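Worksheet for the structure shown next.
By letter and in written order, the chains are A, B, C and D; residue numbering begins at 1 in each of them.
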Amino acid sequence: MPFSAQLINLMAALLLLIAFAMLSQRRILSLIYLFAWQGAVLAANSVIVAWSTGQTHLYYSALLTLALKAIILPWILHRLIIRLNIKWDVETLINIPTTMLVGIALVVISFNLALPVTQLAGTITRGTLGIAIAMVLLSFLMMITRRKAVPQVIGFLAMENGLFFAATSTTYGMPMVVELGIALDVLVGMLILGIFFFQVREAFDSLDLKHMEKLREE
Amino acid sequence: MNEIAFVLGIPLFGGLVLAFRGGRPGAAMLNVLFSLLTFIAGALLTLRVVGEGALLAYNEMFFVDSFNVFLVALTAFVSFTTALFSRPYMMNEHHHGKLSARMLRLYHSMYQMFIFTMLLALLTNNMGILWVAMEAATLTTVLLVSLYRTPASVEAAWKYFILCGVGIAQALFGTILLYFAAEKVLGAGGTALLWTHLNAVKGELEPTVLSLAFVFLLVGYGTKVGLVPLHNWLPDAHAEGPTPMSAVLSGLLLNVALYAVVRSKVLVDGALGTRFASDLMMGFGLLSVVVAAFFLSRQKDVKRMFAYSSIEHMGLMTFAFGMGGPVATFAGLLHMTVHSLTKSAIFFTVGHAAQKTGTQMMDQIRGLADTNPTIGWGLMLGGMAILGMPPFGVFASEFLILTTAMRDQPWATPILLLALGVAFAAIFTRVQSMVFGETTAQRLPHPPALIPVFVHLALVLLLGLYIPPYLAAWYRQAAQLIG
Amino acid sequence: MILTTAPIDIVVGVVLYWIGIGLAGLVRPLSLRFISRVLFPLGAMGGLVLMAAALLGIPAAPATRVLPLGLPDLPFHIRLDALSAFFIGLLGVAVVGISLFSTGYFRRGQGTAPGLLCLQYHLFLAAMVTVLLADDAYLFMVAWETMAITSYFLVTSSHKIPEIRSAGFLYLLIAHIGAIAILLCFGVLQGGRGDYTFAAMRESELSAFWSSAAFMLALFGFGAKAGILPLHVWLPEAHPAAPSPISALMSGVMLKTAIYGMLRVTFDLLQTQLWWWGALALALGLLTAVFGVMFAAVQTDMKRLLAYSSIENIGVILAGIGLTIIFHAYGNPHLAALSLVATLYHSLNHACFKSLLFLATGSVLHATHERSLGKLGGLIRNMPWVAVTALIGSLAIAGLPPLNGFVSEWLLLQAFLFSPGLANPYLNMLVPVAAAALVLAAALSGYVMVKFYGVIFLGQYREARLAEARDEGPWARAGLVWLSAACVLLGVLPVGVILLLDHVTLPLVNFAIGTSAARTGWLLIAPVSPERASYGPLLFLLGITGTVLLTFALVRRLYHGRVRRGDAWDCGFPAQNARMQDTAEGFGQPIKQIFEPFFRIRRHLPSPFDAQPFYSATSEDRLWYWLYLPVARLNERLAAWIGILQHGRIYLYLLYSFVTLLALLMFVR
Amino acid sequence: MPEFIEAFLSQLAQTLLVVTFAPLMLGWVSQCRAWLQNRSGPGVLQPYRVLHKLFHKDALLARNASAIFRSAPYIQFGCMVLAASIVPVVETSLAFSPAADVIALVGLFALARVFSSLAAMDIGTAFGSLGARREMLIASLSEPALLMVFFTPLLIAQSSSLTTIVDALAHREFAIYPSLAFAAVAFVMVLLAENARIPIDNPSTHLELTMIHEAMILEYSARHLALIEWATAIKLMLYCAIGIALFMPWGMVEAGKWPMFPIAAGILVAKLALAGAGLAVLETVSAKMRIFRAPEFLGMAFLFAVLGMLTRQLLGA
């Protein structure tokens, strides 16, 4: 296995680790840091892929990722939680060990799912698809188990990261137009979420999702 | 070609203009004007495509065939009529003090942007851009759902945002997988996500990857279509947002999302050569129809009820497209058209009815036929049309779907019919009690614009009795494309 | 010109004409004068034209047309054959009377604006004709449901009354469920070939199972419209709710379209008939008939009473269809044709007398504003026109000779009585017993009609204000007289109709009885042979009138004619007053007591210490409690159960997506 | 003599016969009853005297009596006269018989009954409508039974025309029909019910709460009452004649055999006398039932008739 592939696998493993770390993290602030780190690793991964395959457009992509996901979004989030004054612990719906066990099961499932596909892949990064699916599913799990708005959003963003990882490592990145479009969407989405946090707090005096269970069938 | 630029450019420009001027008194009229221009551009584009056949433009970025051009025309038309309706509606809301000028600015700007995103999703040839536009459509509407800033509306918007965001993320994964498969055939770079290219080589795409991709795409776009069990955002968002928004969400956005699913299905079918995608779609469609029908009988909020009805109808269309074949696909397309027209007409009447009575709770809305016969009869006829009563067009498409199902999927027919019966009982009893009886309504400060309602219903009636040959030919072509 | 045009084109013309009249109503929607004095009489003329077209169309060969409307692959096909022409004629006869009557009826603005009523009314007529013309499943369904919608609007025209709203809803719901069954029936009939024209359905070869499925679906679907047990519940609700001309149209004509549909599917579209369909239809029909008449006997609302009586008559007609199927399946075309003729004849008769009676109740309602039998009485003195025509209708519906009701019952009984000889020993023994059930229904309907007529028109005024009731105006009289004349003529001169019906029965059951029935001349009908049985209604009428007049003349001539008027004797009881007459409830009491198990009776009995003793008893339909409420509850429970899905918690919603995704991913593997 | 005129004359003669002698039959039954009850009795001609008296009285009408009330007696009487021309009493060549078969005959009786019920309701007294509803109830229960009774001979003769049935039963080769025995029992029960005899009704009572037929005609007087009474007598006679025609038709004159007429008439008188006496015996030994026992009674009649029909089908006899 070439060195670059080994590096990419390392990055993938790191990302998986971070995903698990996020799943088990109770503190919002730490979640944001982990999220920033995830962005950084993603950017690094893009650089490695670009360097090893000679896909130059991935450098731009890496730059974009670093700017958006490792710096801007965490910064916005950080500002928000300071403005909103919510630094306390996040309560999970299911206790952390159970969540971790479910997470491991998900990893097994995603590896198995990716197996037939990876055997077809011609890229050097074929092992990473399983990890990408696992990241998506783990973020999904995180969103399900969090009862506060901010962690749920972080879960959402982490899911986006997983997708981005899938895009870069399995296909050397999407076409640039698409890539830009996605980035724009994520940014706008984040801005809107920011507005939302204020709206939610204004309406409910809290960012706890348990207040938002009014709309239902009696 | 220029038509495409106009179709996309006008709403985009409109959105920008209204972002600055949207709160002024004339903004609503401006909104109508932009929508009208878009509609004219869309009509010209349609004429051109009908005349000259499929069209690739701007470096293959945009692709117009008979499938999407009819959706473009429909989208442009309904957005225009909705803008017409929204003018007095929003003025009344403003008058009642529910909305400030700032809110109106946001509303008008986002309305145009929303139209833009939908048209972009329809016109683009790039599956990636399609995704981007779909996501953008969510983003433009999410703040509109929480426009009233009530706790309920914020909650609805939050759910809308998170659920659709997560859903659409799955669609992105599906798109990546699609790209992953296409790249091996078409090579890396720009063309591998272009639908025309994908369609040309769909037989060579890797089946395993595509089936995996389709699952993600279906779950992703299916969330926006409102397929059960991914539908939970839909009733909340419809009920809590301003009514013109509900009208376009139900009438247009769901269609566009289904359009995305169908586009994906064409590729997957070509690659797999099995009924995998069809079976999935049929399963989801059937489940949606049945579950939505039972949901209907527990509703108290009028907009919420019609939101569930949208789920039911989207389920029916999904089922039809899943079934495939020229007749079912034709019926699916027809159903898209008539459902959009009817459902938006219903929301128009419902909006005014709710304004007149000051509530969306159906047990407090009574006797609309009496004080305002046009609203009342509009709602009554719209309700009948949406329930599939002939001679309205919804019946025509349901007839085709059901009769095809009897031939191809006989097992599904009794289930569908049972669900339609339950839905009928649920909706009709409520519509009747709203339209008839002693009245509770008051006068509105701004007279409602009900021409759109009757224009829509007249079109739907026409389609039930007579489908013009060129329209039929057009649907047939589209059905052929979809397969 | 009318003679050179093909009947089918005339009929299409009338459809368009009616649609046009309906739309004309919107020109001046609030002008009662314009609508009732101009448009309704014009509409009645359409009925006359239809009658002419039917007379031309019944003997003519079937004509078809394809209209440039409809679905792209399935344009509207229409066809006029003898069966549809017969029913169109039936519609024409009834519509002339009803439209003329309506001219006077909608004189006060109630609920819906008159222009809208006019539109709905004429669209309803047009839809009914279209149902009869339709030759493909799509047009049939479109017309069928349009008929349901328009009649629904007409039923709910005074929609401010909650009972009327719920009646309308129940009606439309059952109609819609029936329509779903009919649609399924067509789906089965096309036999997997995807061609939904009736012509293609006639060609398709179905297995016994699928044929039976189609028949059962048709029985259910059309039965829902016709009011066959247990789908009859809407009828007694909707008929009283509707304005009287509408009740007349619905009961007299619309129910017949369901009969038409049943005949069309069973004898035309299906190629084979199995005997047990007939046995089922027969049993169901007789059950419906006896049930209907029993409930009619205990009603206290005059229109409800008539509605239940319609259920009875539909039951009789269904029994006739069942008998026809049995004979046809066992290869006895002669008797099949006989019972089919009886069925069709009874449909025609019912259209006349039931419309007539509903119109008469309309007059009473207008004159007194009272529907409850308990508050009517003695109206024969104020409303002679209505009373005489209603008497004719009542006698006809009670199946008394020499009026029309008797002719069809006589024909049907003939078919029943000669049933032995079938290849099935069980049927051989049971069919004659079934005849007894038919007679029971007929006899009880006599009971019902004595009650109906006696309580409304005879006796003393039960309320003082009834003395102010006024008779109908000339337009309404014309309508009433038209329909009573039809009752008498159909009763006295049946041979002509039976000869015409040959053209209907011949294609359906391959036999025609008319020539043999008329062999003995136009005075007598002898459906099988003169030795077996014959009936001469005209002779009968002459005989009765002759003897009555003779007796009268003799009595007059031989004895003095002195008459004194005084108080009623009443066994010498002096304090006799109007409240001591039998009420409608009292009149029904024996039936209630004898057939108690069939009713769900709730009584409120006063206690011995009541200062103001109060008694009430309501008889309800057990089927509500056995069938409808459980279904409604099941629906509610399912909805509640499914409602749990939407419980408001976002993490659970996410979980749904998650689980769906995982499940599908597993499925891919 | 052309056949038609012959038939017409025979028809006329027979009808007049029935109409004239019907009150005699009624008188005979009353006389028999009197004898059986150890009374001396008014004599068989008493009904004629009553009719004569009634026809000479002034009619007294209630103030609110309508045309229906006044015409009903004529209609009833007319119906009965017409019925008398349908039922073969002495011989079977009747001009009018093709115009009506047994079903039409039942219809004719029903017509008369409906008019009498309507007339009873016309004055608006408590008793009138009570009688009307009871009468209609009994009738609607007895009609199915009557039809089933007719069914057995009808099956044997393969015809529903009374003259044909009589011809078939009386003039073909002799055969024993056990099925007819059942039918006959049922017929007698129906006869009792339809003619307002004990145990269903009591023609001689005026105890208000138990009466049926009498309650309906309480308000009638003079010639109207006379016509009604007369019609009642004709009806009883006709029922007896129908019973004779169906169950003991022997001795009836075949079409065209005029010389046999006196003999046939003699046999008929004997049979009617026997029937009247039998009726009197039946009425003497039984007691009147409560009205709500009547359904049981008529149900029994129906059952017997069905048994007869089944016997016919099973045994072919």
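In the analysis below, contacts are C-beta pairs under 8 Å (C-beta built on N, C-alpha and C of every residue); 3 or more make two chains touch, one makes a residue touch a chain.
Predicted model only: the values in this text are computed from it and were never measured.
J.: For the pairs A-C and B-C, output the one whose chains share more C-beta pairs in contact.
T.: B-C
J.: Where the centres are mean C-alpha positions, what is the separation of chain A from chain C, in Å?
T.: 69
J.: Could you put a whole-Å number on the gap between the CA centroids of chain B and chain D?
T.: Once rounded, the distance between the two centres reads 78 Å.
J.: Approximately how many whole Å separate the CA-defined centres of chain B and chain C?
T.: Those two chain centres are 44 Å apart.
J.: Averaging over Cα atoms per chain, report the distance between chain C and chain D in Å.
T.: 35
J.: Return the residues of chain B touching two or more other chains; collapse runs of consecutive numbers into ranges.
T.: 158-159, 162, 166, 170, 212, 235, 295, 298
J.: Can you pull out the residues of chain D that are in contact with at least two other chains?
T.: none
J.: Multi-chain contacts only, two chains or more: what residues does chain A have there?
T.: Within chain A, the residues that touch at least two other chains are 113, 140, 143, 152, 212, 214-215, 217-218.
J.: With touch defined as at the top, which chains are paired up in contact here?
T.: A-B, A-C, B-C, C-D
J.: Spell out the residues on chain A that touch chain B in their complex, using ranges where they run on.
T.: 55, 113, 116-117, 120-122, 132-133, 136, 140, 143, 149, 152-153, 156, 159-160, 163, 166-167, 170-172, 174-178, 181-182, 184-185, 188-189, 192-193, 195-196, 199-200, 202-204, 211-212, 214-215, 217-218
J.: Could you pull out which chain C residues touch chain A in their complex?
T.: Against chain A, the touching part of chain C is residues 643-651, 654-655, 657-658, 661-662, 665-666, 668-669.
J.: Within the complex, which stretch of chain A touches chain C?
T.: 93, 109, 112-113, 137, 140-141, 143-147, 152, 209, 212-218
J.: Can you tell me which positions in chain C touch chain B when the two form their complex?
T.: The contact residues of chain C facing chain B are 68-73, 137-138, 141-146, 148-149, 156, 159-160, 162, 165, 168-169, 172-173, 176-177, 180, 183-184, 186-188, 190, 192-194, 196, 635-636, 638-640, 642-643, 645-646, 650, 653-654, 656-657, 660-661, 664-665, 667-668.
J.: Going by the contact rule set out above, which residues of chain B touch chain C in the complex?
T.: By the definition above, chain B touches chain C via 158-159, 162-163, 166-167, 170, 211-212, 215-216, 218-219, 223, 228-230, 232-233, 235, 280, 291, 294-295, 297-298, 327, 367, 369-370, 384, 387, 389-391, 395-396, 399-400, 402-404, 406-407, 413-414, 417, 420-422, 424-425, 428-429, 432-433, 436-438, 464-467, 469, 472, 475-476.
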